[in-house]
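Each of the next two complexes has subunit A plus one other chain: subunit B in the first, subunit C in the second.
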Partner chain A sequence: MAQEKIRCLLAMLGTDVHSKGIRTLAQLLRDRGVEVVYLGEHNTADGVINALIAEDADVLGLSYSTATYLHYTHDLLDKMRKAGVADVPVMLGGLIHADDEPALREMGVKGIFGPGSGMDQIAAFLQDVTGKSLTGDASSST
Partner chain B sequence: MNKPPVPEDVSRAADIKAHLEDVSVKLSRTATWSGIETKNSYGPADVEGMDYARDLGEPGEYPYTRGSFPEMYRSRMWTLRNIVGYGAPEDTREGIENALKLGTAGINIVLDTLSQEAVDPDHPAFSPDAGQEGCSLPTVRDLEVLLSGIDVTRTGVAWHTTMMIYPLVVAMAKKQGRDLSKLLGSHMPDHLQLRLSVGNEITVPTVLGHRTTVDCLEYSSRHTPRWSLGCPQAYNLRERGVPASGEIALGMAIVKLTLRDLAARGVGVDQVAPSMAWVSGSDIDFFEEVAKFRALRRIWARTMKEQFGSQDARSQRLRIACHTSGRALVYPQPLNNLARATVQTLAALLGGVQSLETCTYDEPICIPTEAARELATRTQQILANEVGAARTADPLGGSYYVESLTNQVEADALGLLDRIEAIGLIKAIEDGTIEGLMDDYNYQFKKEMDRGERIVVGVNKFIPKPEPSPKRFSFDPKGMVAHMERFRALKLERDQTLLKDKIGQLYRVARSGENAHPAMIDALIADASIGEVWGTVRVASGLSYDPFRVVESPFAYPEI
Partner chain C sequence: MSAAADVRGAAQITAAISGGDLRSAARLITRIEAADEAAAPVLAQLYARGGSTPIVGLTGPPGAGKSTLVDQMLAQYRAAGERVAVLAVDPSSPFSGGAILGDRVRMGRHNTDPGVFIRSMAARGRLGGLALAAADALTVLDAMGWDRILIETVGVGQNEIEILRHADTVIIVQTPAGGDAVQAVKAGILEVGDLFVVNKADTAGADRTVAALREAVEFRTHALGAEAWQPPVLKTEAAGGVGIRELLQAIDAHHQHFRDHPKQFAARRRSQARARLVECMAAALRARRGDDEQHDIFDDTIDDVVARRCDPQTAAKRLVDSMS
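Then we have the complex of A and B:
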């Protein structure tokens, strides 16, 4: 029987335009057999939640390179609770400062992949939180 | 008799071996950072067929490969730039005054992401970003606060932004009764670049964006001839993900389309090109960057003369405004970025740029701290005064390797330019071809790092032990609170009849397809905000007022 793939929604919130990282991540996750929906830049929290529901994603990934991620993440998680989709695990990447990690965990962020994080860590996280396994090409191993 | 080694000794010996391997300085790559394969050495055969007068020329002579001016830095040093921008106009003003004390030449301002995209700071979805990565500047009133006491026909301000700043500055100058023909300053009116680096059609529609670039250049060439136009803004394209040759190819594609459209409006190459400057990056591969600047000047000169019929040397000799690459700087062990930025800065100087900003070492962490900004300034002062970077024009010219690499970068750039033009630039942007190229470049870059074919110190090799998190820039938010209150109050207090009249006129002009700049400027003088002006232009172009469809237009537009 065919293994069900992990479905991951990736998006950027706010007016941050530093999208190289998340676009590259989208491709690297596809290489590993993840079904990735990249929602693009400049999303509102409501837009992300609508997409989350429409796409029936297992995981939500956000990337930030600007300083306002605490606000945007808090607001999004709050709205996810109100929309009844708070069970979808959220992971963050980009320029996440180590000093902010406790506050983000406290809010309910499940995975934080700041500078120095590698694909294997992200892949392990995805398998862990979804209970599904990855079967794709794992040749990239940083 | 040898005793078998105890396990502890084995492990220590392995540690020593690993350490020896880890600290060694190795040749880990023979291709340039952009991927051009390099030979063991270069000699006369590699530059065979080159003609000095035809392909290089003296510095200051066509085709300007060796530099745009005969005496280069002996006649005029490069302009040391330090870009400042955070919080409210008052906050940025304070930052500018501090930067000037350090030795920055001139005033260089970056706007926040909202102002960069013509979105008002009270936007319900994005308000937290106001003032975060640059100065919040939504109205002429705010510009008056930021530049209080500064006469914009005597002191030029360099604006590191694309949308709305030019109409704002012209509006302020007109309001103050200044002579526009003397207006000084520069900005980067390249909307196609913005479309590509912002990454979507929603925020910056390709066709409307390009039309606005042409409008701006037409208006400026007719009314503010001393204003400089940073077009193309190739820095952002390069940072988004293209090789050195790709920076030239994309930038030239944008410039050529813009010049053709200007010619159709009766603005000839020699009326506008002398005001144009190339906004460039300087990445980490020293020789490749030097070659890029040289190849770029040659391509520019030949294009202007041979394809556009330029007869004015000022159109053909390219001025380059350079910012060292922020992308090449990394988060781990941030002080290493000082070494990177120094090499990038030296490459830009030996490549002959006219203005130069050195990225601060804390670029990957936050907006620059004062301490990091000072080090970036000192870097340029050391290169200028101690290293001898300014002593002679094109010091690497004549090197077999650098000449050969210049030819190679040029050939790659012209090849890609042909491919883009065969599709058509607008189509190649709208259908995702160019974004696809960029995404693929970044993907391959990452794969090469994963395979160890590309080493970035501290990232995929020589990874440092965990260290305390670097200090971040912060500023007192009280200026922003007052700024937001002032913005809301202005919206209530302004002359509503005048405002509606000017917005209505803007709508009519924008609908007609005429140059919208005069009407945009008039609306800004009547205290319309950037979001209102751009929103009205959008509606007139058949788009939603707010790109994000959160805010409804507060105006009733006339029936046409």
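Then we have the complex of A and C:
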């Protein structure tokens, strides 16, 4: 009677302080049945990686509202490789410019959910990369 | 997998965890949370080696400042060179089964410190299984060799209170707001508290809350005799780091009390073991499906007793027989 849940670590890196988007995402994911480990803003790459290891999260989600995301994401993925946790899929949300998507995918980002992405897309992505299914009541989250 | 391979695999994971492999430990806790029986042989080996790490539990209403207190306690323990693990338990949404585990936000400054290990756990609406999962997670943390373990849980339901039975020192956190102290007396939580903390001492009514709690605690301990531990009632302002040193001193004093009264400590350990055994037996019963595969045997038996189709004694005998 195993009860598998998708565990998703959500964080903001660096000086980004517009946390409204990520807090909303946390609630929407919870309503879909995801266990969200919420780190909030002002995190360093090392801090996020330590949390990722201790929490054994299935997915790491980062939210950005400033233009520095290429630099931060590159640095994080590099450190994830060094820490031996590059197998954990990374998804990005927030103000991601469509022009940057190829570069981000090249770095190893698995999911990119810029402005206009819907919860159904994100839920499908999570189930796809984790191989676990979401059982939450999707009707309560639009 | 053969039984021998199972034992070898378990020995490997056990060695990795005792050797400080954080990822192995974290993954085992995930297996525990999923109620995966594959965790059992590893837990058996880890349990055999454990029992020496002091476990402090904190509980109280949502927003009382428990996570902020834990953050401050971590800062002081780290300053003293102690390595600390935290298990932070939050409720799951009864509607979706999901959860937002947000305790780490208050402890963010410790994320980069290898001397701190924080694991969040969702209650997952388990029928009594939460305390069992938490206890097993504590067994893993214990085997990892931390100097101390802190466990935070929201003091709302019986499930959460059950978790506290696994702690050596139980801290009940209250605030001056909304008659928390009165709620505590009602919830019977006074009985399980070794230390009482009135947090948010900077807000109105703190002294009144301390006085009310003290009266309630003294009324209860009065009957216990002079050898009994007298639970102190402390005032803290976690957000400003005020009163934390005194809190740590009170925790030490409680440990010292147990050292000075080994019989009381032995009684605590026995009651911990008893609670855990009962939980394990209940879990074993729940794992057995009833005739219709919809309910577990335990649930079905409760129905039978309520409907007076079966008397409690016969029902209990039936349950015990079903386990063999």
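In this text, the second predicted complex is superposed on the first by the 137 of 142 C-alpha atoms of A that agree within 3 Å, B and C clash if a C-alpha of one lies under 4 Å from a C-alpha of the other, contacts with A are read in each partner's own complex, and residues count from 1 in each chain.
Basically, contacts are C-beta pairs under 8 Å (C-beta built on N, C-alpha and C of every residue); 3 or more make two chains touch, one makes a residue touch a chain.
Source: prediction; values computed, not measured.
After alignment on the shared subunit A, the placement of subunit B and subunit C results in a side-by-side fit free of clashes. By the touch criterion defined above, A:D56 reaches subunit C but does not reach subunit B. Once the two complexes are laid over each other on the shared chain, residue contacts for A:G116 go to subunit B alone; subunit C is not touched. In the superposition on chain A, A:S133 makes contact with neither subunit B nor subunit C. Of the two partner chains, subunit C is the only one touched by A:V37; subunit B is not. By the touch criterion stated above, A:Q27 is placed in contact with subunit B and with subunit C alike.
Applying the stated contact rule after C-alpha superposition, one finds that A:T15 touches subunit B and leaves subunit C untouched.
With the two structures overlaid on their shared chain A, subunit B and subunit C come no closer than 5 Å at the level of C-alpha atoms.
Residues 27, 40, 42, 44, 140-141 of subunit A lie in contact with subunit B in one complex and with subunit C in the other.
Of all residues in subunit B, those touching subunit A in their complex are 113-114, 116-117, 119, 125-126, 128-129, 132-133, 197-200, 202-203, 240-241, 327, 330-332, 364-367, 438-439, 442-443, 445-447, 449-450, 459-460, 463, 469, 472, 547-548, 550. Those residues of subunit A whose C-beta lies close enough to touch subunit B in the complex are 14-17, 19-20, 23-24, 27-28, 40-42, 44-45, 66-68, 71-72, 95, 97-99, 114-116, 119, 139-142. Residues 22-23, 26-27, 29-30, 33-36, 92-93, 95-102, 104-105, 108, 111-112, 114, 117-120, 122, 124, 126, 287 of subunit C are the ones touching subunit A in the complex.
Interface residues of subunit A facing subunit C in the complex, by the touch rule stated above, are 1-5, 7, 26-27, 29-40, 42-44, 46-48, 50-51, 53-56, 84-85, 135-137, 140-141.
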